[in-house]
Amino acid sequence: MTSMQLGLIGLGKMGANMRQRVRAGGHEVVGYDPRPEVTDVPTLVALVDALEAPRVVWVMVPAGEPTRETVRKLADLLGEGDLVIDGGNSKYTDDQPNADLLAAKGIGYLDCGVSGGVWGLENGYGLMVGGSDADVERAMPIFDALRPEGDRADGFAHSGPVGAGHYAKMIHNGIEYGLMQAYGEGYDLLEAEPLIENVAGTLRAWSKGTVVRSWLLDLLVKALEEDPGLQEITGYTEDSGEGRWTVEEAIRHSVPAPVIAAALFARFQSRQDDSDTMKAVSALRNQFGGHAVRRAD
Amino acid sequence: MTSMQLGLIGLGKMGANMRQRVRAGGHEVVGYDPRPEVTDVPTLVALVDALEAPRVVWVMVPAGEPTRETVRKLADLLGEGDLVIDGGNSKYTDDQPNADLLAAKGIGYLDCGVSGGVWGLENGYGLMVGGSDADVERAMPIFDALRPEGDRADGFAHSGPVGAGHYAKMIHNGIEYGLMQAYGEGYDLLEAEPLIENVAGTLRAWSKGTVVRSWLLDLLVKALEEDPGLQEITGYTEDSGEGRWTVEEAIRHSVPAPVIAAALFARFQSRQDDSDTMKAVSALRNQFGGHAVRRAD
Amino acid sequence: MTSMQLGLIGLGKMGANMRQRVRAGGHEVVGYDPRPEVTDVPTLVALVDALEAPRVVWVMVPAGEPTRETVRKLADLLGEGDLVIDGGNSKYTDDQPNADLLAAKGIGYLDCGVSGGVWGLENGYGLMVGGSDADVERAMPIFDALRPEGDRADGFAHSGPVGAGHYAKMIHNGIEYGLMQAYGEGYDLLEAEPLIENVAGTLRAWSKGTVVRSWLLDLLVKALEEDPGLQEITGYTEDSGEGRWTVEEAIRHSVPAPVIAAALFARFQSRQDDSDTMKAVSALRNQFGGHAVRRAD
Amino acid sequence: MTSMQLGLIGLGKMGANMRQRVRAGGHEVVGYDPRPEVTDVPTLVALVDALEAPRVVWVMVPAGEPTRETVRKLADLLGEGDLVIDGGNSKYTDDQPNADLLAAKGIGYLDCGVSGGVWGLENGYGLMVGGSDADVERAMPIFDALRPEGDRADGFAHSGPVGAGHYAKMIHNGIEYGLMQAYGEGYDLLEAEPLIENVAGTLRAWSKGTVVRSWLLDLLVKALEEDPGLQEITGYTEDSGEGRWTVEEAIRHSVPAPVIAAALFARFQSRQDDSDTMKAVSALRNQFGGHAVRRAD
């Protein structure tokens, strides 16, 4: 294994864990974060100075403007032969503009989808990368440190050119929406049926041997052990963008995606106090059939 | 036009209006209802006695056991050559058993789907009938009185043998679910968009000339005039069975029915305070990503 | 009624009918189209010259670049005090840029959603307009000529500022997708059920009095009369964009739109020879259960 | 471990593997199947005779009438104190009648959902059981032989009274539909996107560390290795009933199940040459807008 230096920008929940895992892999990591209590260096300039050229800098900040702004700064601070990797959940359409901006200064660019959440520190992260073969090759020691142990191909892929890594991660998350909703519907049905006196045990019995066994199922079993009947929480569920983008891609490619769309809409629904759609339906039933409506207050 | 006698059992919201419309059509109607203030005769026996054989008796009572019980009583009270018409929202699978029971006594049977709601008194009712040609022919003066004026085929169909009338009505109602949900979603989207300053006016502008013009749209416009912004009601929406049966038929016939199923599920959703499905999804997001859940209370 | 002059650009299926209807309304219309056999004037310049200032010019060309290009040309050719109306199916996001471009020359702008298809010539068109009160007032004689006869509010709305007209039309078309799919699913179920011996007659019996009566239903009845069993056509169904945009708006506004999305996906599906999604599902069933797959060729 | 005798009826793909696994667990298995080449005994009577009372007999024949018929025969052949386990994919509504029939002879009954497919021989089977505590306890050595090694609770649950085992298995399979469809949609989207040059590798990179890792994903990776691009198969996908039942249960319990329903409908769709629904939609577009239809032939 080649030991490398890595600059890592963004030491939040994900970034801090990744710093730890890359260091455990035998590499030197210089981390930067605006919060003094977690950062290794006081400024971005100091981070760049702390690395020997040619540098590799991993960006792990919130998607959208924060990531684009960081890339713009790096385009100023880095130089010919350096390499930037965006490991956040950026939309894939940000990647080519980022790559172009950096390429104008002779700086390379990779986009890397990272999956694994808070468990990645221990289990390793699944990685999907977009960019050139040469850039991927160069950063491979870092990818090898981050990915799960075992066969590289089970936790790492070079998915295609710039943009492919984030595209793959977006689809990964779209699938994730569908999987979670499928387990959720099944859980709801088990809870609804009086015959099933042992919902949590039934789900746990699917952990091994069955067709539906998965890591998400393991987590659902764990959640039910920690909060039997999920009585401490509500169904209010946020979404962080990738599910929306996946459905937009389905539209762009004319690919039917009823399951992923249904999972996305269920989240929207979970955040509504009431539904204008259903008010209209209820009003219509009242109009044509005299069916009772439920009055507000 | 031939003037007829008709026995009519069930003088609720629909039945009372139908009595009025059939009478306005020049027929004699003897109505029976357990409520003394609306009934024409004190008992079912009195109703049968008041009619000259061969009798035609229209049943307009709640679907399910009440209708089946009424048919059983009529099988006892009526005789050879009489005819029973079930005009309620019975499940089509009740029709053949009802017909068989009556046929054993020489009594004919028709099932008739009736659409039009509280407006049918004025506009006439759309009718879909199942049964034999001879029985249909015999009851035609009543059907002609109930259906809208104009061409018979625009408001009446002999859809097929016994069961076909209720089957057609069930599908009619399944479509109705889909139509209402489509208007509801569109209304919701107009309400959500700040550019649309005039939601009610926009919907009303679709009343004539447009592709989406319909009676349901007219009713939505009317509802919004009566309750601007639908502020007086909630989205809680009941269902009375035909939507469920339609989806079950879709399953039985292996016909995809995503729109009707989505409309049905939206009603289920509207009646839930919270969703076990979404609790599971939210719990999973918390488990793998440390994403915040919304705590109960 | 005030008689006006109108310039009309685009004399396709819709534009030619609209020219005829506006003329029938007592106005002077100068139409331009690149096809010599339909145009009134040889060039756009000639059209502008043929109109007295202040001019009103209606653009009725394909949405997207053709409309944007026409607006750019009009920004050059028209002048202070003139008014442009985009009556095509432009995406609402094109409207403000178009309005800004024209406003820089002192030219007004309205966006007008137009519904009615090939029947609008006879029935009038439903109109939804976005723009300023003053501009709307000025073009009102043209709107009055185009809209259905009767109460103005039943076929015309000033929906809001620039963009609101096309937004409303987009949602109108999204609803249209849902309505058509609902009727389609119902038709499919009637066709699948042997009890229904008279599918076309059953649908026609819904034309009057029923809850599902609508213009689209009338058209379905007509289609079935012209092509019994719809045996001459396939289910391959195009889409022209508004359905996609509607689902994208649902995503943007976090509004669940399961029915409109399902209708859109059904069209995508109708155009696929085979589905990669279902290949994956079939392959999975084979992997875990040894279930037979259907081999290609 | 207690060594037991087990009678096993049905030695198909599943039954034969289970005989092997139970024997490997140290138990004596007497298998019966009408096919002479696989059976251990020539007749059902011989099977019963080969077992010492009190007997335990596992039924592993096709769901529906074959299973019900087998249970009727066993009610005749077995006696007081014996125990029947239905391990097939019976509908849960068959269980109580089966249990009642057997109970009248003093014979116990358990229903056991079995998941694991052709891989169960090697990995063990996930088991969900319905019935009394005493009957479950008695058959536990067999369950322990069949389930995966390790913690019993990870592959076995006593879900509730008679019927609960098959109910749980039905929901398991409903979830399975949703999971497969989610992966399928994701695969379809990756295939549709030119940026993703390495679809199979991308999916494989999700095998470890990611949120979507699962056994089904492993199988999809394997399928793509065996048939790159899934070019040898079509998307035609059968269903064996549990998905339909799950949606019917969702309807019965008023639980929204949009994802499982969408997955079921996608299978229906995959088996259609053309869609009457979409023919109607296409005919409507032609009627109102003059849009082209695609002609049959």
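The chains carry the letters A, B, C and D, assigned in the order they are written, with residues numbered from 1 in each.
Note that in this section a contact is a pair of C-beta atoms (placed from the backbone, for glycine too) under 8 Å apart; a residue touches a chain by one contact, two chains touch by 3 or more.
Predicted, not measured: the structure shown is a model, and the values here were computed from it.
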Greatest separation from chain C - chain, by CA centre: D
Superposition of chain B upon chain C: rotation angle, C-alpha, nearest 5 degrees: 180
Between A-C and A-B, the pair with more C-beta contacts: A-B
Interface sides of chain A and chain D: same vs different residues, half threshold: same
Euclidean distance of C-alpha centroids - chain A vs chain D, Å: 32
Centroid distance [mean C-alpha coordinates] between chain B and chain A, Å: 48
Intercentroid distance (Cα basis), chain C paired with chain A, Å: 38
Contacts with 2+ other chains: residues of chain D: 117, 181, 183, 185, 188, 192, 211, 215-216, 250, 255-258, 262-263, 265-266, 269, 275-277, 288-289
Footprint of chain B on chain A - complex, ascending: 13, 117-119, 180-181, 183-185, 187-188, 191-192, 215-216, 219-220, 222-224, 227, 230-238, 240, 258, 263, 266-267, 269-270, 274-296
Complex interface listing, chain B residues touching chain C: 92, 115-117, 120, 123-128, 130, 147-148, 150, 153-161, 163-164, 167-168, 171-179, 181-183, 185-186, 188-190, 192-193, 195-198, 201-202, 204-217, 246, 249-250, 253, 255-260, 262-263, 265-266
Partner chain B, residues of chain D touching it in the complex: 211, 244, 247-248, 250-251, 254-258, 261-262, 264-266, 268-269, 271, 275-277, 288-289
